[in-house]
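The same chain A turns up in both complexes below, where it pairs with chain B and then with chain C.
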Partner chain A sequence: MAGKLELLLLDDEPIVGKRLKPALAKIGCNVEVFEDPKQALDRIHQKTFDIVVTDIRMDEIDGLEILEHVLRKSPRTKVIMITGYAMMAVAREAMEKGAYDFISKPFTPDDLRKVIAMAAQALGSPIDSETADPEEPSEPAETR
Partner chain B sequence: MPVVTLSSDSHPLGREIAVRAATALGYDCVDREILKAVAERHDVPETDLHKALDESPSPFGISSKNHARYLAYIEEAALAVLLKDNVVCRGLAAHLYVRGISHVLKIRILADPQKLAGEISSGRTLSFEKASALLKRREGFRRRWSLAAYRVDETDPSVYDMVISLTRIDPDEAVKTIVETTGYRKFKPMTYSLKCLKDKALASRVRVTLMEQFPDVTVQADGSSVVVQTKALEREKQKRTEVIKKLAGEFPEVAAVEVQILPDIFRKAAESFR
Partner chain C sequence: MSQKEGNPHHDLADQAMSLEGRSGRIHAVEFTRKALLARRRYSLRLYIYLGFFLIFLIAVGVATSMMLTMDVVEKKLRFLEIANEYMLEIRQARRFEKNFFLHGTNLNDALENVYQAKQILNDNKEELGKIIGKDSQSIILFNFIRYEVLLKRLVDLEQTKRNNPDYPQRKKEVESELSRYGQEMVSLANHLMKKEKEALSEAILRSRHIHMYSLVFLLFFLVLNAYLLGSRILGTIGRFSVHAKRIGSGDFTPIPPGRRFRDEFTDLAIEINQMIRELESREAVLIQSHKMRAIGTLTAGVAHELNNPINNITITAHMLLEDYDHLSDEERKEMVRDVVNEAGRSKAIISDLLDFARESGTQLEPLDLPELLRETIHLASNQIRLSGINIELQSRGHLPRIHGDRQQLRQAFLNLILNAVDASSKGGKIQVLLVPADEPGYVAVKMVDFGSGIPEHTLDSIFDPFFTTKTSGKGTGLGLSVSQGIVAKHGGRILASSVQGKGSTFTVTLPVTTIPADIDSGDNLPGRPA
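Showing the complex of A and B:
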């Protein structure tokens, strides 16, 4: 891989960013974590990310709006939606709007790393999702 | 690519469209031919599996217990097929139990009722009016059957992603429409939908195993955890929980088993009258 993957992670639950940032850094991602969707949007307008991972259900701005903003600015960016309130209709809406993937919580850091590895492959910058610490706990990133 | 379930009010027409759509998509078409293998696996008559899909339980036919058991076997087999991807599945009632999964495209094909009644009346020396009445009764039966077996009304259009009436659309156009629709992004498989399908498949396998001893059992899976629900008397609770945990725990994919025992009020009442 030429350089690190630029990844923005947005979730209004602080525990998610706290747990996932080190897990994603281990597979070669340069991770910026946001809890406030407005601040995340400002950053998205300043910088082009390779991958955006966003929660769907958040106050004021939801993940589907983030998805639209990201793809308007950078159609090549892979947007991965995460939610604790997964339902078929939302999943279909996200995919229709251009999401790369959709994951329901709870998930393990390894689950997300696998999806990010696939996104990196699709971007032409393959990474090894197996490079994570085998001692790392595999319990879910959060419950809901 | 999404997988397709196709149901129809006419078996021959449903089969024709399913085969043609599968060919156009480069998919396998899975139909009732898999029932032979299901029958052999569970050592039950293949004809009874067909009957379970077409008939309701009755004192002169299949018992309620066997009806539920046979449908569970069919469901287990159909879900295993759908997990393989690139499949058009027809004739196995999959549209009734594969619900809420975004990459499963559910299609209903409705035959032209005039044409269908005409075909029935010419083949059976029935008048056209009687054939039309027969079709109405058949529709009512399918509605009752699907509600009894899966609590879903098969004749309700909201069950499907697409309903194609062949009164106005010809079969070629129907096939073309199905093929085009599979290309829509909203039906693309994703981590979440694939997990949902895997969960359903695992739950159905565990249920089939437990049903031999606990016919009323319901099972839900979430990753490597399964939740089993059954009815029992208070004194049976501990033993039943142990047996269920042991049986479900034998599946390599299962790491945790939660057993929820609901009070069996009918048996409790029956015992209190003894």
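Showing the complex of A and C:
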């Protein structure tokens, strides 16, 4: 396994970041979580991520704008959009603008991990989407 | 403003009654029907018949008086004719009498004329008596007989003149007497004719006056009748057209009695009131079905909004399952708490919609408009957020409550808000302003959007049923029509103004509560804060 994937996760729902951070860490991602699109944008300008996962619909800045910023900064970054139900038009627009893929809410952590695994594959640093390595949790795990 | 003028006699109590659902309306229609029928019947048919009968009577009167005067004239003419004949005879007699004295001609011709004249007098004795009176008649007769007697005496004298020494003497005497009576007789007849001629021309003048005055009177009567009949029919038609306009705008109060009597228009009013009842029940169905449509629109927003808590629950539950063995009790509890909270959030998202969707009978209550508007905006909030639009509610000062049906008014405001959302582009703004209306006793809710506006030529038809500018399948064209119907039932109205390219403003004016205490004694606010 190559070095860790640098991943930014942006969703204005706090629980999404809170729960997905450990879930993605398990498959070897170095996850930075943001709820505020502005802060996320600042961070995107500072650092180049391998993968950006962003919600499309947010109050101030929407996912499409984030997508544009990311691709302008680093065209090789894979951007995965989180869309809502009945937002196919927006999802299609995102794909046309260069998003790597999209995932519809509600999704399971495994759904997202599969998409990320494919993106990693496309980046040339494949990871295993199965959470096979419980020995490298980001948080201390209880072992029995 | 003109709509308001249509129903000045409907006070708010009427409006309230008009809102108490279908049973209330049935009661109101029935009550009005009784009031309409309680008056004395004075039908148009009777009025028209009576008018024509009176005209006929006047015509009969005119004709009779004309016939009477004609009769008088005729009689006078006839008398003049007789008098003339009589005159001729006695003049002739006098001529022969003169010839006798001058030339010593025969007297028999004069006697012949006297007999003729006497015949005339005798034939028309009764008529003459009637016309000139018994006294004059006897004077004429006396003169005439005197003359006749003298004439006969003269004839006798003539026959015995050879053996009568006094003949010249006697002849002289008779001559002077004869001339006296003859003159008397002629002058009397002349006088009579003169008098009669005067009477005749007087009768002719009178008949002419009767003609003229009766024509003038007939004209006056016809004009009066036409005016009364016309104003009765036209006035009522005018009243009905005001009612029709009012009913068309959604005010389903039955037509009340407007006159002291009833007639064919009353039957029409009763039928229209029945129709109002039917219309109202249909409108109730329309409002309900349109509400379902609004719910459909809201459901898209709600479904989208529900994604977030469901997603949170899904992720959390999956992670709890996945990491259960590695988590501390505290962490597990936190995750379960998150699931519980998100489930609660889901419930809150749909509860507004469920509350709105719940079918409920019409229920009148005092309503706090700012609160009602907040609720409505909240109901549409998913839709609003989904469209990326900001909405702000401004309530100026303390406004009195209004009286109405919460569900229906919410539906009306929701329609307007959803319209404003549709009209606005992403990132746009909608303002909801609650202000006192220009008219005292009313409050106004202004829905201001800054969208593309409404073209002037369609501004008049936007409240028409089935008028829509949306693509087919997106709008039914009933939203504004239904909203206006609801607002009209509350005694208010909706006005639209728009500047193309700048946006539109829909102003809903509603009457403030002035209903006495029976419904809510605590909320009788004064008309308006100063």
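Brief remarks on what is shown
In the analysis below, the second predicted complex is superposed on the first by the 129 of 144 C-alpha atoms of A that agree within 3 Å, B and C clash if a C-alpha of one lies under 4 Å from a C-alpha of the other, contacts with A are read in each partner's own complex, and residues count from 1 in each chain.
The working rule: a contact is a pair of C-beta atoms (placed from the backbone, for glycine too) under 8 Å apart; a residue touches a chain by one contact, two chains touch by 3 or more.
Keep in mind that what you see is a predicted model, and the values were worked out from it rather than measured.
With both structures placed on the common chain, the touch criterion links A:D36 to neither chain B nor chain C.
Once chain A of one complex is fitted onto chain A of the other, the partner contacts of A:V16 are limited to chain C, with no touch recorded for chain B. Judged by the touch definition given at the top, the superposed model places A:A91 against chain B, while chain C stays out of reach.
Residue contacts after overlaying the shared chain place A:R57 against chain C, while chain B stays out of touching range. For chain A, the partner touching the most residues, choosing from chain B and chain C, is C. Of the two partner chains, neither chain B nor chain C is touched by A:E65. Of the two partner chains placed around the shared chain by superposition, chain B is the only one that A:V115 touches, whereas chain C remains out of contact. Touched by chain B in one complex and by chain C in the other are residues 86-87 of chain A. Within the complex, the chain C residues that touch chain A are 300, 303-304, 307-308, 310-316, 318-319, 322-323, 325-328, 335, 338, 342, 385-386, 388. Of all residues in chain A, only 13, 15-16, 19-20, 22-23, 57, 59, 62, 84-87, 105-110, 131, 134, 137, 141-144 touch chain C in the complex they form. Those residues of chain A whose C-beta lies close enough to touch chain B in the complex are 86-88, 91-93, 95-96, 98-99, 101-104, 111, 115. Remark: chain B residues 100-102, 184-188, 190-193, 195 touch chain A in the complex.
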